[in-house]
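I've put the structures underneath this note.
Okay, so subunit A shows up in both of these, paired with subunit B first and subunit C after.
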Partner chain A sequence: MTIVKSRFFILILLFFSHFELYSNSLEKNIQELEKEIKEYINHHVLDSHDFNLLSYTKEDGTKFYLGIPLPVILWDDGLAIFSSSKFKHGKSVVKSGENFYKLYHGKIYKTDSSGKIYYDNNKNVINTSPIDFSITKGVVSIIFVSIIMFFLFRNLANSYKKNKMMAKGIGRFFEPIVLYIRDEIAIPNIGEKHYKRYMSFLLTLFFFIWICNMVGLTPLGINVTGNIAVTFCLALLTFIITTVSGTKYYWKHIFWMPGMPLPMKIIMAPIELLGVIIKPFTLMIRLYANIMAGHIVMMTLISMIFIFRNWIGSSLSFMLAFFIAIIEILVALLQAYIFTILSALYFGFAVEEEHDH
Partner chain B sequence: MEIPAIVGGGLIVIGVGIGIGGIGRGAMEAIGRQPDAYGKIQTAMLIGAALVEGIGFAAMFVL
Partner chain C sequence: MEKLITEFSFGLFFWHSLIFIGLIFLLKKFAWKPILDAVEERDNSIKKAISSAENARKEMETLKEDNSRILKEARIERDKLLKDAKKTKDELIDNAKEEAKLEAQKIINQANISIKNEKKLAIKELKNQVSLISMQIAEKVIKKELDNTNKQEEFLNKLIDETNIK
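Up next is the complex of A and B:
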């Protein structure tokens, strides 16, 4: 009963907050605000060429940015390297060698000296873009996480050496997790005989995804695992290892499933072959979409504060954002776990040996 | 976004919700019957839920 009542109460609050919102003649203002929020969320979620911590519009209309510019590396009939601060956040054209480049909505395009961007009928940019090897925000974050992991686990390994097989310090926290991955993920799914070969990959995968997810929840605005290129590479590694370590038995099960009538075998072979591709594909999409969706939901709820502009709506959206943030901490761990356990499962399929059905 | 796409998104969410709900319910009942197998059931539940979720996300991308 109390739940129903409180829900009813919230509905009434929402109704009044809407009422207040629209009774103010702010509609045009709000539309502009919504557009700005959309851009803001896009900027947060996508990769960028500089490490921007915050930006706001000053009273005189100019924009203020706080952040670190990162190197831009382009391959366009020769190498072009310059700092991303030269773009002035998309405002100015950069001349490098003979070519001119312009940053437009987070992408680098080749232009002329006036920095003109051409569109086709569907408002798509038709300027050519050079091959971009830049050290972007995502790359910096990956390097950062790698360094953290390197020192963390080197210390853990060293502390075993020093303290006669007893972990110390931060190792006390990580040892149970490592053991959990060995005993609950690797051994049951891959099997006693082969699991050791895959342990290093599984551990790296788990901790890399977990730490990246957790770093993404800080206000730095890093979104590494919510980038489909990163998850694509992780899934590709799983795919390569599965394919390389596949035994005769594994391939036999894919192309010529034993114990099935002949017509079924012919139907099943392409489906199973498709399954080989679909498995890493869903790994990629799952991680990417979960983290991306989480970031967008959180940013939207925080932005709602500025749309509501009254204490009822704002406090409600703050509470919701807080709730989602706590769920995201859980999701960060869960997605790392799912990715690892599914990879282990696929490796298990690959190294499985002949047995009676 | 156009209206058919929005309706499709809603249908996806309904389908995935029913799917994950069913998995959760099955896991709950299984744990109720065999509390000792909690860990194993939880692992299986998470894998199943992740697979259903993956299909949902894949459908969202097609949208």
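Up next is the complex of A and C:
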């Protein structure tokens, strides 16, 4: 019952974060509203340079934003650091040193003093962008999740010392999950002999993805694991660890498949080599696409309440959004599990030793 | 695909890699290693406790077996002892009986001998008495012969008949 209640609470909060849409919907026609919603969703699923909680249009037509500005760090033949509030949500040009920068659709471009944006024939921006090392909303969320994880699991580790080998408090909930990853994911896939080396990575990976996914379901509007840069990094780590720990047997299987006739060996080598790259690539795309799609579907269904503006349509949209929210909780865990078990499987291939087939 | 590449934020990738790798090592030192060690230690202690309990059970079983074996042996020993005792007793009684019989026989024999001797002595004395009496009779006869020879003879015969030794 309490779970259902808290879900309701989250959904209600979600509506608040869409307050902007609601206030606008009274004046604008449907086409404009749909366009705005599309932009809003597109904006949400991407990373942003400030941590916005909610925004709405005041009576005099100016927009009000509630949120925290974050530091912008640019590398453009020298370091440029300033607060993201200077962009005024893309309205003003920021001068830093000799250069002028403008925020346009979530991306920083180098412009002239007037802040003009140039387009090519396909409506793509042709202004150059500096290398952006900003502490964005995503980075803040990652730091936030990391701190939560650090204290959560250090607390669990300490509770063993205090309570004579028994976990206490919230650790009681996490201990079986840690053991599940060890006994059901690491040991069966990697093997009794080598699994210990990979435990730290697998555990951190699983809990990081899971907590990020769960945080993404809250009305804070965080989308960490639905960002290609994050999933790329995670998949890259899996790829690097697999490659580094590959035994002679593993590489032999890739380049010179034993037990095959010679022409087959020559055909198999590039296919297997491609597989080495495709494996982490699918990891990256799977996590990204699942979380991204989940966010888009959730937001679309919630927005539909404001588009329908009648009892039947809006309540149906609400029911659907509610239903999808529950499914997303499941997906959050499932995607973390899949990423972890597949990583463990690839490590298992890499450390496999010669035996009779 | 093109959208994916344009969306790719190098800054986020950079920070995420840095933080995530840092997190792995931090958690490894402060969380995963202590947690996994503690869990393993606990598992081992449980395994140890189970195996020691198993050993204790086995020991108990062997002890029980030993006990029953010893009891059985003791019973056999007791039976044997009882049997031996009975045998010894019977033998003792038999021996005693035998001895008693022999003793009795001996006593009887001795009695017989002494009786014979007594008898011999008695006969001897009787003979002496008889001879004495005969002497007296003879004296009387001799005294009487002087009176009547026939009667004397008769009387002598009669006396001899009377004093027939049995």
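The rule is simple: the second predicted complex is superposed on the first by the 329 of 357 C-alpha atoms of A that agree within 3 Å, B and C clash if a C-alpha of one lies under 4 Å from a C-alpha of the other, contacts with A are read in each partner's own complex, and residues count from 1 in each chain.
Please note the rule applied: contacts are C-beta pairs under 8 Å (C-beta built on N, C-alpha and C of every residue); 3 or more make two chains touch, one makes a residue touch a chain.
Computed from a prediction, not measured in an experiment: that's the story for all the values here.
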Clash or fit (per the criteria above) of subunit B with subunit C on subunit A: fit
Touching partner for A:341 - first (subunit B), second (subunit C), both, neither: first
Subunit B versus subunit C as contact partner of A:330, first or second or both or neither: neither
A:139 touches, of subunit B and subunit C: first, second, both or neither? second
Residue contacts with subunit A in the superposition, subunit B compared against subunit C: C
Partner chain(s) touched by A:232 [first = subunit B, second = subunit C, both, neither]: second
Closest Cα approach, subunit C to subunit B, once both complexes are overlaid on chain A (Å): 5
In the complex, subunit C residues that touch subunit A: 4, 7-17, 19-28, 30-36, 38-39, 41-42, 45
Touching residues on subunit A, where the partner in the complex is subunit C: 46-47, 73, 131-136, 138-139, 142-143, 146, 149-150, 153-154, 156-158, 160-161, 165-166, 175, 178-179, 182, 196, 199-201, 203-204, 208, 227-230, 232-234, 236-237
Complex interface listing, subunit B residues touching subunit A: 39, 43, 46-47, 50-51, 53-55, 57-58, 60-61
Parts of subunit A lying in touch with subunit B, wherever the complex brings them together: 184, 282, 285-286, 289-290, 334, 337-338, 341-342, 345
